[in-house]
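One chain, chain A, appears in both complexes that follow, with chain B as partner in the first and chain C in the second.
Coming up: the complex of A and B.
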């Protein structure tokens, strides 16, 4: 049963299995284990980024295709939900339409970019995605009548997914049974299903062809695979899932803006998460995204505490000041790439 | 005369000013094993590249089973029946031996785009892949990554991919290059088996004259990209022109 769900691709390392299980349990029980708005927000962000990073892993780790447009697809999903809820009104239909429209737009964009640039060299695709993604980001902030520009959009989602909706009067284990809780589980379920689907895709015949193309596209063509078609298909699939992750994010936040879903910074974060976790494993996305989002949210706090503890000593408090958190994150990244070039998952699998 | 499955008409390609393959017109018949010989740089591998489509032709045509495939892509020609084993080992290094072969079987079954079933669950395809590995004696290595294989075993796998494809036209480019004396017979026996089947066309680029002597039904000689001789082995070997001008000692040895 579990093997079927995981598509026969077991974690293949005891430590890795335990870590993945820990992440799953923590996310599943997050509202009860870590009460508070902020920790729930972090948990939801982790869910969304796991799916987003896993979809990027399909492209980079399995297909060997470098894209800088992944946040664009993510943003298309998010803006799909936002625009649809803003202009079609507050209903489940509008929400579903938004998810669908965002995904279709992402697939169409991926198809066009892929068709025109993947027949040439892989590096050309990377350049084109960079250009198109920047152009779209500019376009979204310029079209402020429609998209809200830099300010973004606040919109209404169905009431059942908002804090105003209470489906039980009494709190359970001190947690209020409201729409926000439901909303969190929608995000978690969406992410879980998405990751399991990706795991199936990478272990399917199609996934094997992608790996073959990554390893040796010349031979893949010679044994009868039309390399361009497979690369375009992988790009479209990956874009669709990224858009779905974006839609989940938009449902959670009830707000979208260029800096939350379209910025180049997020693109770099995705790259870091997939590399830290381990490319070409899908499981790497789970660990990479979890670690990264937690670090992003709590490293500053931890450093504030540390700086306080070392107060009075020379230099240390200055180095540990919360303002330096990016420095430490950078250092962590360099160390992890240096010591785990195959990512956490690769390291754990080798060391079994 | 048996059926002509593959023909090239005036097939030509130039690299800059250099004519690598020069108006080669030649027909290959089903059931026949043709050895392609010639000095290094004579255009043997380039001729192969033109037939299997890695290099587009400047002039001339390639006909496969009555169809003009001159403009067809490499993968389309593969499905039309041209299969190729490469001179330099050309595999998927990070995948296992079994996956390498299964990818070929899967391509032949046109299952590459199915995404909802796992590759491992396609038992029929896996069994066919295992049978191919058995034929090249690589069963014990099935679960190993290709990058961990010895050179000899990589050469065997290179041939195994072609066997798995089972095309109408088999093209071997120095299949035993760099193999040890006890490994090479495995590959040569397989080629002999294919020949004995009588329903496949085999093109073989080979330098080892003893191999050609045992296997070839026919020899064509390329020199400076042009067809210098074509005929039964004894005939070609005996030809003075070929011996002196084109092949030097190699072919003299062959005749001996």
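Coming up: the complex of A and C.
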């Protein structure tokens, strides 16, 4: 049963299995274990990023393709939901339409970009996606009549998913049974289904061919697989799932803006989560995203404390201030690519 | 058994179209200028836009040329190239502020001296940083594109953040040297002096680079290395040293481009390198990765198109460069002047 759910791709390490189980249990019981708005927000963010990073892993870890447009696809899903809720009114139909439209737009964009760049050289893809993604980000902030520009959009989702809706009068274990809770479980379920689906994909024949192409594209072509088609298909699939993750995020936040879904910083976060967790494992995405989001939320405060502690010294406070978080991320990123290329999951599997 | 077909060698001269074909990309620049002339109603504004397009193109070329050569020579794709642009701008501007007396004096000679000092300081610093960057970040990942992209991107972030640590998070506004402010009026068109300077510097650099690559021994080795590195090494040249040299030179050029770009925008931020990177990528791709001439033509096309479109249809300007890239890749999938690898 469990093997079928995981598509026969077991974690293959006792520690890893325990960690994954811990993450799953914590996320499933988050509203009860960690009460409070902020921790629930963190848990939802973790769910969304697990799915987003796992979909990126399909591209980077399995396909060996570097894309810088993953936030663009993420943003398409989020803006799809936001725009349809804004203009079609508050209904389940609008929500479903938004998710569908966002995914279709993401697939179409991925198909076009993939066709243009992957047919020549896989490295073109990295450069072209960077160019296109930044153009789209600028476009979204310029078209302020439609997208709300830099301010983003606030919109209404069906009432059953908002805190105003109560489906039980009495709190259970001190947690209010309201729409927010329901919303959280929608996000969690979406993320779980998405990750299991991705596991299914990477362990299918399609996933095997992708890995073969990653290892040696020339040879895969010689065996008779159409490399470009496989790469483009992987790009489209990963874009669609990223858009779905974006839609979940939009449903959770009830707000979208360029800085929350489209910015380059989020792209870097995704890259880091994949590399730290372990490329080409899917499970790496789960651990990477969890660790990273928790660290992002709580470690920055720690850095602030450290900066305060070194107040008198010349350059240390500037280096340790919470705003310089990216500097340390960048260093960590470089070091992990050099010394830790298989990430946490790879290490755990080796050391079993 | 059938007989072998008769050989009938002909010595026909190539037709005009065939002979022009390799030059087609070069012709694109005048075609673009002409289209601009037809599309823009007033001749004077067309002239202004053309000069500013050329100036922008020249500056992009200065920044992009290093990247394209580095790729051609060692197959290294450097996503951190934009960091050198930022460093160059910050160092150059700091020198200019420090030499405020010279830059503010109403004398062209003093102003140019201050500019020269700023440019040289920027090039020395970015060259040094480039050398370290190559040694620490790029060298361990030769031959692995995926890791190169990831690691150099990481390097870009780290350098940008270090700039913020050193110079502070606020953007710096900078005035151009006194005599380079304002413009000339030529045939009813206002032309900024600084843009003329940028065009001049870019042209001189392009010609110098062409001279070095075509007429000197080191240029010969570089070009041969781009075409077939193994063979050059087999002949006894240490291509690795040549490569480091090219990397340093490319970084220094990016630094120079950074100073000029910073003064052109009159504002510098740590993120400017990342923003310019996008233009650089477009230029390098449409030019053909590894080709300096292609890079030059691509940069001019991007600069001109951006200026014309910004005048005609400001909303479209954001995506005009992507459109240009798509059109050129449909025409020549490997870029305008593809680099032939003898492998």
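Observations on the model:
In this text, the second predicted complex is superposed on the first by the 313 of 352 C-alpha atoms of A that agree within 3 Å, B and C clash if a C-alpha of one lies under 4 Å from a C-alpha of the other, contacts with A are read in each partner's own complex, and residues count from 1 in each chain.
The criterion applied here is as follows: a contact is a pair of C-beta atoms (placed from the backbone, for glycine too) under 8 Å apart; a residue touches a chain by one contact, two chains touch by 3 or more.
As the structure is a prediction and not an experimental result, all values here were calculated from the model.
After overlaying the two complexes on the shared chain, residue contacts for A:219 are found with chain B alone; chain C is out of touch.
With both structures placed on the common chain, the touch criterion links A:203 to chain B but leaves chain C unconnected. Of the two partner chains placed by the overlay, neither chain B nor chain C lies in contact with A:10.
With both structures placed on the common chain, the touch criterion links A:134 to chain C but leaves chain B unconnected. Chain A is touched at more residues by one of its partners, and among chain B and chain C that partner is C. Applying the stated contact rule after C-alpha superposition, one finds that A:211 touches chain B and leaves chain C untouched. Of the two partner chains placed by the overlay, neither chain B nor chain C lies in contact with A:33. On chain A, the surface touched by chain B in one complex and the surface touched by chain C in the other have no residue in common.
Touching chain B in their complex are the following residues of chain A: 7-8, 200-201, 203-209, 211-212, 215-216, 218-227, 230, 233, 237.
Residues of chain C that touch chain A in their complex: 77, 79, 137, 140-141, 145-147, 149-151, 153-158, 160-162, 164-165, 169, 274-275, 277-278, 281-282, 284-285, 289, 315, 318-319, 321-322, 325-326, 329, 333-334. Across the complex, chain A is touched by residues 52, 54, 73-76, 78-79, 84, 86, 90-95, 99, 102-104, 106-108, 111-122, 161, 165 of chain B.
Residue ranges on chain A touching chain C, taken from their complex, read 60, 64, 66, 116-117, 119-124, 126-128, 130-132, 134-135, 138-139, 142, 264, 268, 271, 275, 315, 318-319, 323-324, 326-327, 329-331, 333-334, 337-338, 341.
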